[in-house]
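What follows is a single structure, written as structure tokens, with notes after it.
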């Protein structure tokens, strides 16, 4: 119910504003006995960290995570393990520039949540977007790192959750060229080497123009057994859709074929099943690994669309808090495409949903 | 947490299988003092009822709803009103044909949840799909009718939640021709008169071929004030996405521009704001009425994609429960496009999400 | 969150008023593959059923339960088993006398919830108490029967949840004389044969005077393994306390020594531990089987106090809905001591809490 | 669902172990626009802080609270106000003595949760009790301070939640001598001046003997309107019972007359109602201000019993983790009666439950 929590048996509660002293989360429901230190979390935060290329915001944040509770070690147990109690994670904000925010204090930036926050709360922390800032997603990435540990602890080391950018602005990749190894070699998390040069040139022009573009991210979970999820309102895909849609700037979510499925016939969309070495093997994965809300044992494939960054240099017509018409120009350190840094966030959300469903499944069914 | 409940302050719990004696739901959290009889619910069920045209399943179900609790009337209060206690709704199943189900008892129909249900539960009611049947959505439509009553009770009579089919198979409507009055005049809930003949001809050919097609449904909520929703995991759009994705066969969800937003620039996607008679007025609605997870006062616009019906006459390769390869042909009474009957279901889910957020907003903020 | 649901992984939602057509509940989260028919539930309802002795209300209700969903059988599976989907239970009300309720329609009966319901809702079903009637507890007893099945399915047949009346009005039993076999032999669920005559004579006089008395009920759960519960807000004893306090007329709850513990020293209250055949064995059970909110493997022992029935023949000063002072005399069919019929209800609530915690434990920890 | 959260619309999630770097909580659902600084919280923490008299543990903790998120101020708004976003509170642990914990590392202290934690989790932070330590209650007291702000913000300044110790070991106060002003004048929160000398002498002897005793605490909420709570599982008293039972060492909870009600007749227990100046006025408050789970507008009166501190100097028989019989003697800095410091904790829990129900009521009903 809490507006700032998600998950049930694996449950994450985040807190913090862009320009407050810190942000963080409490991760509850983690099984005991899993080795966990900051070193398990930091690499995922580093992946999301701003300022790593010219294509993301130049804000400098070390994003060093601290574990404040929930793990234990002593001389007999030198590597800390989870104890089953809540894990509190904190990341201090370091680069909150003491700039003058008077330009956005009273002016509603179109596309941002300034207007709707004010309509709801009447007061808001406008510095850097406050609670609506994507800095909040750092806490999700940290929680996602713990979710990954749970998945591999219970399901084994072959579980993987990986994301890639499959569309940058109007430019889509060719799925036939997909190469997971390529994803880590370019600043876009692009899975096809062919697209990188084009994307670089395109995004450079967008950036120099002070404009922005959107993107589509695909997240794939491998090694997830059949049976996770539940029929009606506990559908695995419904929880993935919700989780993705909670990420800033996301406007669409798809599972498997997604919207393309609408144009197919039943024959085209069917994932036929054969036996290979006695085990079920699907001939295709139009379903994205989920049937009736329950995982089928295939890869779980989901995508989300991110709108273009609303912070642009071109003046946009808007109004002020006290009812004056004006124009707004958003200067400052912004990502020309927030979709890039959304890749590790999408992975984290997928990991959290799967960890939660894994524990819920184990609760009702008893085995995995 | 419950797998068969959704919502928080306004909370719906559904139950029932396709071929059990009945199905229904318990609707909790309804404010007291709202006039409510079966006559407020039945028209919405009638809209969803099967067998009304040759384009939907020929199963004959009267779908008569009974209110078993939660309302009260006496001689001083002749029209029943809600009492604030849980409203139990029941719909008896009438047309469960006593056919032989041995063909699907042991054979996993591709695209259906037979395989994944069995992987999870080990046992299932296979008759007519059991709990995975779209008959469950009758209970949602009934609950949605109550949600509509809450919305109009609190927000006034100008609140409306309307849906339409905007794509049938590969055929999309032209949004510029949209006419809400047309929606009720054709068997497809199609909002453009121009498309109806084409759609009729197309779906007739699909139906006669024993094939199926998908669809895209758009749901629009009008008269929703700014401020509903919450920043992070209580985002209004996230809850809509989850709610739509819980509907059978849905594979994608969009808010506002949705996936098209990915290809736009920040300038193109901005919804500029002006003042008209002193009130904020947006120049466009690319955001679909939701900014940062909170309603902006514009129309809330959301879409979902439905895959083609998996039940088709063409044989599909599959396996049996006991590990034999086989083919399956699905005869019986099926919708060639389940998207048509998904329109009132999508409306109902939107109504339920909005009613829940309205009560949650009132709880935290105190006013609407 | 729902006001009419309790539990998390094992979750019960009840509905229905005293004089409506029926009452019932939806039981969600039940593991699949457990044999279940009405015959598993009916005996517990019979135990709670009114009109079985002169010491309980003379309302005649057969309280026949029907399972409307969530189980399945066919020719290969002749005994129905749970399928993991929600189980809907319904009990029709048969003996709603068409009496004239005008005496309580506008008059607030002291001790009843008439006044507070009206203050909250402004409207209420006053017939027989409506939703505040203890008839709602029939649904709990039915749900509790399913919870018992889960416990024995997972923990084995030696699990038992048994209740007894340990105090009737001012008359307490001698715990040293406790005999579980005696409990079923008298109309009071009294565990000591010595007390029965005294209680019978006492309650007869109370009944004939049109008066009422309170009671204390003890519920003991045997065969519960160590480890159920959770440290802080998921404490097993906190959930038991909440569950008992939701039963009509309950004003106090104790675990183990309860209030008597306040007067003891640490030495007196300590439950020492020894090893017997290599297994931990506690020398006493002052803790009531729960340490730090987590079960210790001892019997779980909890008590609740029931206030005297508020419906009495003596006139009581009160006011009417429209602000007039008056006296009220409550005639009709009432239990002189509602504590007697609260015994099976307390057992059911204990069973529900334990089933929920068992599934939650299995979810986080993985084994029982 | 989360084991470390409580409340629904007003929701608190706590974290931290006794000897970790810090402890804290996230408070979600707070209405916006309420003035809040550390100075609003610190006095309540000071009331609970250890080491203030010889009757509480000599551990020295400044318990300085920091607000890390959820409030905002600028030059136009000099006093910080809540923004409706989650409030993160942190209290650093300062006095974690680097003592040798080998004595309790492997030995289960009877009455503590060592045994049951190990049975559940297999691993635990044994230093100072880890998560089972009553230090966690500092976070509750901080959250309770915010709950009080909500209550007075919505209900006005006449709302008060006050607690007192009504029994110390075997010594009960005389309720007829109750004086709220006396409560703050003695180290026991005792409401009757007459009892203080006796209690002081008694607790001194207990303390010198290295023994301990229990206590009973009463918490009274004044100025709460009629209508808070809900009929069945959302009963206000049930949530109070649960909240109190989550406090360390609590073994019993009562509302109004509590267990004494069992021995009364219906006539004795009735709270008659008259009109005074046109408003309902109850002649007594046996119900403790709650009827049918809903507040009646009277004072809400609840009590809880605390067992004697389990940490005592006398040797107690127990076993070790690896299955050896041994004796344990608990030295160190302990409260001879934890009931004293439980008074502000009980007040805080009452405040949190009431704030949550107030927001829930406002959500369903619309007004207070």
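Going by the order they are written in, the chains are A, B, C and D; count residues from 1 in each one.
Operating definition for what follows: contacts are C-beta pairs under 8 Å (C-beta built on N, C-alpha and C of every residue); 3 or more make two chains touch, one makes a residue touch a chain.
Source: prediction; values computed, not measured.
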For this session: Could you tell me which of A-C, A-D or C-D has an interface matching B-D, in the sense that over half of the contact pairs are shared by residue number?
Result: A-C
Problem set entry | Pair joined by the larger number of C-beta contacts - A-C, A-B | A-B
Seminar exercise, completed: In whole angstrom, the CA-centroid distance of chain B from chain C equals 38
For this session: Please work out the Cα centroid separation of chain A and chain C, and write it as a whole number of Å.
Result: 45
Problem set entry | Inter-centroid spacing, chain B versus chain A (mean Cα positions, whole Å) | 27
Exercise. Which residue numbers or ranges of chain B touch two or more of the other chains?
Worked result: 1-5, 8-9, 14, 29, 32, 84-85, 120-121, 131, 231, 360, 365
Seminar exercise, completed: Touching chain A in the complex, chain D uses residues 1-5, 8-9, 11, 13-17, 20-24, 26, 28-29, 32-33, 68-70, 72, 74, 77, 81, 83-88, 90, 105, 120-125, 130-131
Seminar exercise, completed: Listed in rising order, the residues of chain D that touch chain C in the complex are 1-6, 8, 14, 108, 110-113, 115-117, 119-121, 131-132, 136, 167, 169-170, 206, 211-216, 225-235, 237-246, 248, 251-259, 261-275, 278, 280, 283, 286-288, 290-297, 305-312, 314, 316-319, 323, 325, 339, 361, 365
Exercise. Which of the residues in chain C come into contact with chain A in the complex?
Worked result: 1, 8-9, 29, 31-32, 84-85, 154, 231, 359-360, 362-366
